[in-house]
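There are two complexes below, and they share subunit A, which is joined by subunit B in the first and by subunit C in the second.
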Partner chain A sequence: MSELALAAFAAETGSHVVRAPRERAFRVFARRFDEAAYLAGLREAGVGWIARSAPEFPPLLHAIHDPPAGLFVRGEAGLDLLRRATVAVVGARSCSSYGAQVARMLGRELAGAGLVVVSGLARGIDGEAHRGVLEAGGATLAVLGCGIDRDYPAAHRELAARIRATGLTVSEYAPGVEPAPWRFPARNRIIAGLSAVAIVVEARDRSGALITADFALEEGREVFAVPGEITSDLSSGTNDLLKLGASPLTASADVLDVFGLVGAEAEPVELGSSAETVLARLRDGPASADELARLTGLDAGTLASALTELELAGCAVAGGGVYRANSIAT
Partner chain B sequence: MAWVLARTVTHALVGLDTRRVEVEAHLENGLPGFAIVGLADRACQEAKHRVRSGIASAELEWPMRRITVNLAPAALRKEGSAFDLPIALSILAASGQIPRDSLAEHAAVGELALDGRLRPVGGVLALAEAALEAGLPRLLCAACSSPEAALAGIEPVPVRHLADAVAYLRGELDPEPWVPRNGHLAEAPALDLSDLRGQERARRALEIAATGGHNLLLAGPPGTGKTMLARRLPGILPPLSPGEAIEVTRIHSVAGMLAADRPLVTSRPLRSPHYSASVAALVGGGPGPKPGEVSLAHRGVLVLDEFAEFQRPALEALRQPLEDGVVSIARVGGRAVFPARFQLVAAMNLCPCGARGDPAADCKCSPQRLSAFRDKLSRALLDRFDLVVAMPRPRAAELAAPPGEASDPVRHRVAVARERLDVARAEWTKEATELLDRAVERLPLSGRGRARARRVAETIAALASESAVGAEHLSEALAYRSPTELGAS
Partner chain C sequence: MSELALAAFAAETGSHVVRAPRERAFRVFARRFDEAAYLAGLREAGVGWIARSAPEFPPLLHAIHDPPAGLFVRGEAGLDLLRRATVAVVGARSCSSYGAQVARMLGRELAGAGLVVVSGLARGIDGEAHRGVLEAGGATLAVLGCGIDRDYPAAHRELAARIRATGLTVSEYAPGVEPAPWRFPARNRIIAGLSAVAIVVEARDRSGALITADFALEEGREVFAVPGEITSDLSSGTNDLLKLGASPLTASADVLDVFGLVGAEAEPVELGSSAETVLARLRDGPASADELARLTGLDAGTLASALTELELAGCAVAGGGVYRANSIAT
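Here is the complex of A and B:
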């Protein structure tokens, strides 16, 4: 029995199957299915196929209790990307600027240390994690909850193209499968299955990211949660995970330790004296330009100049008029 | 005699331009009647009734003959009530009640009331300028319009009542003396910057905007002083020069917005249309085009509050005036060009619900809603803002701060720096050029963003009284670039 026939059958009937069903319809379909022609069609569309039984199939994903029949892949990276050490970074779609910053930074730092970051191409945390990897010039994996030929959400079409330039997009769904709400939890099991470590950056109660964390825990993978403000809804999911025993993530080194890796040494940057003063304040917590002016006694012009210096040096980021220091305290 | 003809000269407004219009009255024997020809609109046709009552009220004689009034050139559409006085005078001259040659060196403009009084009309300054150019040294106009007409250098003849005009033209009455109401004195700005507490960065950006004439976008949650700040920009701009004052007055006069006691606009106009404004209201329009808000804000400030709530076509229509400083409105009958060199200050929230940038509130906007909100502001439009400042909600400590600097010292600094900018283009130091190259790579900065940063840096250097743009000026300028959350670079 061909696994490809199984995937094609699932696409044809709009269902989710990982094992050959006993129904007659499938037997009829499998008998008529022309695997060579189908593969040729995939090749033409630039889509690769890795069957579950193929040696290239990621072993970690193979180990979960319901691995997909196979994976459709698109992208310039070699298939060995799927066998490298992977970390999932997932979280809320409508995230805060804090969450976005952490996700991007994790993407950048983990990729910089040589890990492959997996996420779901969704808005918010997922997208930021992918972008962080691309910033560091690394390769990232995006797992789709729809047919491999789709870029969903449409707003991330350009991001998906950039991911494919150096990494891969993968899906268990054959071309033509529409995105549907029930497919995303299934997609999350693949994200969790592909990764040795799952990091949840921001999640509300009953968020999709928590489903990923649950899958990861079930399969005995390490789960990290980024602590958030206890007053924010966006942190209730992650803080609950911490209460349940997930490891708190306070620096990318926490994750690198799991793999026995050491992060790239940050290059020391030379900053002007007012920039140093401002950075020292920012390490105490995020602040608006005016608060910083009051705390440091600098005039608005000098302060603006110092803040740009910090941004250019990669020491601070701005969002919604609020500046934050750009590294997790080590 | 079977027929007589008399003629009065006046002008019609086409946008801000004027066209010479000859008002001819033709009286002939036949059944008494009164017709106005020459593409007169409704208000103009109704002149029949006003002129008839006005002549009766002035105790003059209404000629019981067949009257035809022609407004020449006949192909030009005539609008409004400004032709009442010339029509009445032509009829009176044709019927011999005033000497016909007395009209030769007078232009006339004004609307008649039923009791014969003369009412003011809009655009007198432009009409007076046109009359002077046409070689007519005197203008008969409503008494309260005289100071405005005098601004054009014409000799106004103030007319309170049709009977006065007739007496004057018969040589029985000297023209009433008129008093110039305001000299060239700028009024004290009503709104002062000292009303605003905290928001040091936004104040600084306002000062830079005033100096370099940059457009400014203020973004932040509601209640952070965005509108307050925007409305205080005219107060720190240098006063209008005499030439600019005339330009502004001409536009406001055509729009019928001049105060009778202050015919010359001496302070920079501040216009803040509501976000429901239509395209025509913003850039001008109508059958006989009228200036829109952008032209009324000429040489002044246009404040667009709730910028993202404006209709998309209205926002896009702003691009031409922002680029060229004029609005040209094409109509079947011709084209009207209005000057529109204004400074734009826009204020908006960072998201539809307004909670973004507010530590005390949680933004509940869905990603779709957020991206629809951002899509509305096209990049082309955001590119017109040299300065973008996020104004997060200040904490209590900042609101308790003493009042900020008043407008006066700021205006003084702005004036000094503006002179410096006018005199010479700033040099660029090597450090600044290097920093700009680095920023283009790191931030990332688009080509337009780069040009904007350069312009703002030069303004900042001028404010610092430096002859060369240093790295610190450029890095400050970069702090006011559009943030990525507005989807621009």
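Here is the complex of A and C:
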């Protein structure tokens, strides 16, 4: 009985299967299963298959208590991507501008330091983390909660294609499997399982990202949570993780330290004096353009060009009508 | 030799003295010191004195490794205020609107639950914590880093008078002692020493509030830090405290738990539908009025009155051109 038969049976019956079921239906299915023909079909669709018992199967994922039968993979990266040092960056789908900024910076900086960032292709934090990696010219792993032939959510079809151009999308689900709510926690165990370190950027109470963190803690992986304001519901899950003993992440260097890596030195940026003045205020916390005008005494035109200068230089990020300093550079 | 002579000698010589110095100058001073006359002078100035050896001296402060010779006190509260369960709320002088909001809420809610809040009368977090207590009709303790007859900073003269109307200002420094930078760390040890729990709301790296936290940790007191955005320098000290093992504070209930107290139930607030809509957005994080208009689709007039309604109901706070939900109520 092949592991591929397990995955194909799970797809055909719409069930979640990681070990051979005792039921007669499975024995009948497995006897009739034509592995060579199935593999040829996958190949034709540009889909690879790594059985759990194959030497290419990621060792960290093999170590969890219920590893999938195997992984379907799509993308241009070599399969060795699945064996490199991997960090999960996950969080809320409807994230705040703060969370989006931090997720993208982490994607960029962790990939820049040579780590593989894995996430779930979801809206919000997941997508920002993937995009940050692509900005840094890195390769990223997206783990799907549906069949490997689907790009879910549909709004991330183009992002999935960009991910596959240098990285991989992977799934334990065979082509044809529809996304379903119960598959996402199962998917989250794979994100956690692939990763030596899991980072939760923003999460409400009872968020799916906390499930990923739970899986990671159960498997003895290091879990980081990004602190946020206690007046924001989007940080209540992450701040609660800190209470439970997760490590606070304040810079990507915190994660690089775990792997004995050192980040790239931030290149010194030359800024005009107005931009320097504005940046000094932003370092004290988020502020609206109106407030920055009041605090700095700059006229509207000068302030606008200072803000544009800061954004282009990567020193500030706008979101939610609020500007923030971009100060987690390693 | 009386402890009061130590304090008077320290004032006369501009030094910091907690034990009898071996120098001849002190022996001469102590021999000539007229304690009864000095006490009469204090009484006339409305200043009380609690020697370290007196039964009224706060036991937690007595337990630190270098308790002051005694405390000078001013204010209408009875001296038993110094023996009640005490929490220090400290932080940056140039705090952000986020820090100010949290400090004031903590002052209000901790005092409302019957705890004595102690702080340093400084600008920023200290002042907001004291003001929060006064809003709740509570009594607060302000520890000065100068002579008990001074109100420092001058901008807080009125606040100091309001504190004394129901609470106390205290100092180890006798009347006439000028504020000096080196006295503030010494003052911070008293804030920490008086308190079973110390809370740092906002702090930059190398902030004075971190000195208070260090004293508290050294003396085995519980230290809380309020998480904040990793892109804000004003939260870098507090987030680093979390890394060092301080407990994350996300609600005043976290502190009340330490004392086995339960906070007052928040009274249910009836809000109009526009105010509810705006509050739902604010719960996801800080936003400017412009952004709120965009997100809610409310016209400027409706939005303005919804924001006013939320502020009056205590559900939202404005600061830095940004509105935040007031969601740390216990």
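Assume the second predicted complex is superposed on the first by the 328 of 330 C-alpha atoms of A that agree within 3 Å, B and C clash if a C-alpha of one lies under 4 Å from a C-alpha of the other, contacts with A are read in each partner's own complex, and residues count from 1 in each chain.
Here is the rule we use: a contact is a pair of C-beta atoms (placed from the backbone, for glycine too) under 8 Å apart; a residue touches a chain by one contact, two chains touch by 3 or more.
Keep in mind it's a predicted model, so treat the numbers as computed, not measured.
In the three-chain model built by superposing on subunit A, subunit B clashes with subunit C.
In the superposition on chain A, A:P227 contacts subunit C only, with no contact to subunit B. Judged by the touch definition given at the top, the superposed model places A:L6 against neither subunit B nor subunit C.
In the overlay built on the shared chain, the residue A:S94 is in contact with subunit B and with subunit C. When both complexes are overlaid on chain A, the residue A:E291 reaches subunit B and subunit C alike. In the superposition on chain A, contact is made by A:T302 with subunit B only, not with subunit C. Of the two partner chains placed by superposition, only subunit C is touched by A:S236; subunit B is not. Contacts of A:A216 after superposition on the shared chain: neither subunit B nor subunit C is touched.
When the two complexes are overlaid on their common chain A, residue A:G320 makes contact with subunit B and with subunit C alike.
Set side by side, subunit B and subunit C differ in how many residues of subunit A they touch, and the one touching more is C.
Once chain A of one complex is fitted onto chain A of the other, the partner contacts of A:I64 are absent, as it touches neither subunit B nor subunit C. Only one of the stretches 94-102, 112-120, 328-336 or 346-354 belonging to subunit B overlaps subunit C in the superposed arrangement, and that stretch is 346-354. Where the contact sets of subunit A with subunit B and with subunit C meet, they give residues 94, 97, 232-234, 288-291, 294, 320-322. Those residues of subunit B that touch subunit A in the complex are listed here as 198-201, 203-204, 219-220, 350, 356-357, 359, 362-363, 365-367, 371, 389-392, 394-395, 397-398, 401, 435, 438-439, 442-443, 460, 464, 472-473, 475-476, 478-480, 483, 485.
Listing the residues of subunit C that touch subunit A in their complex gives 94, 96-98, 101-102, 226-236, 239-240, 242-243, 247-251, 283-292, 294, 320-322, 324-328.
Residues 93-94, 97, 123-124, 155, 232-234, 288-291, 293-294, 299-309, 311-312, 314, 318-322 of subunit A are the ones touching subunit B in the complex.
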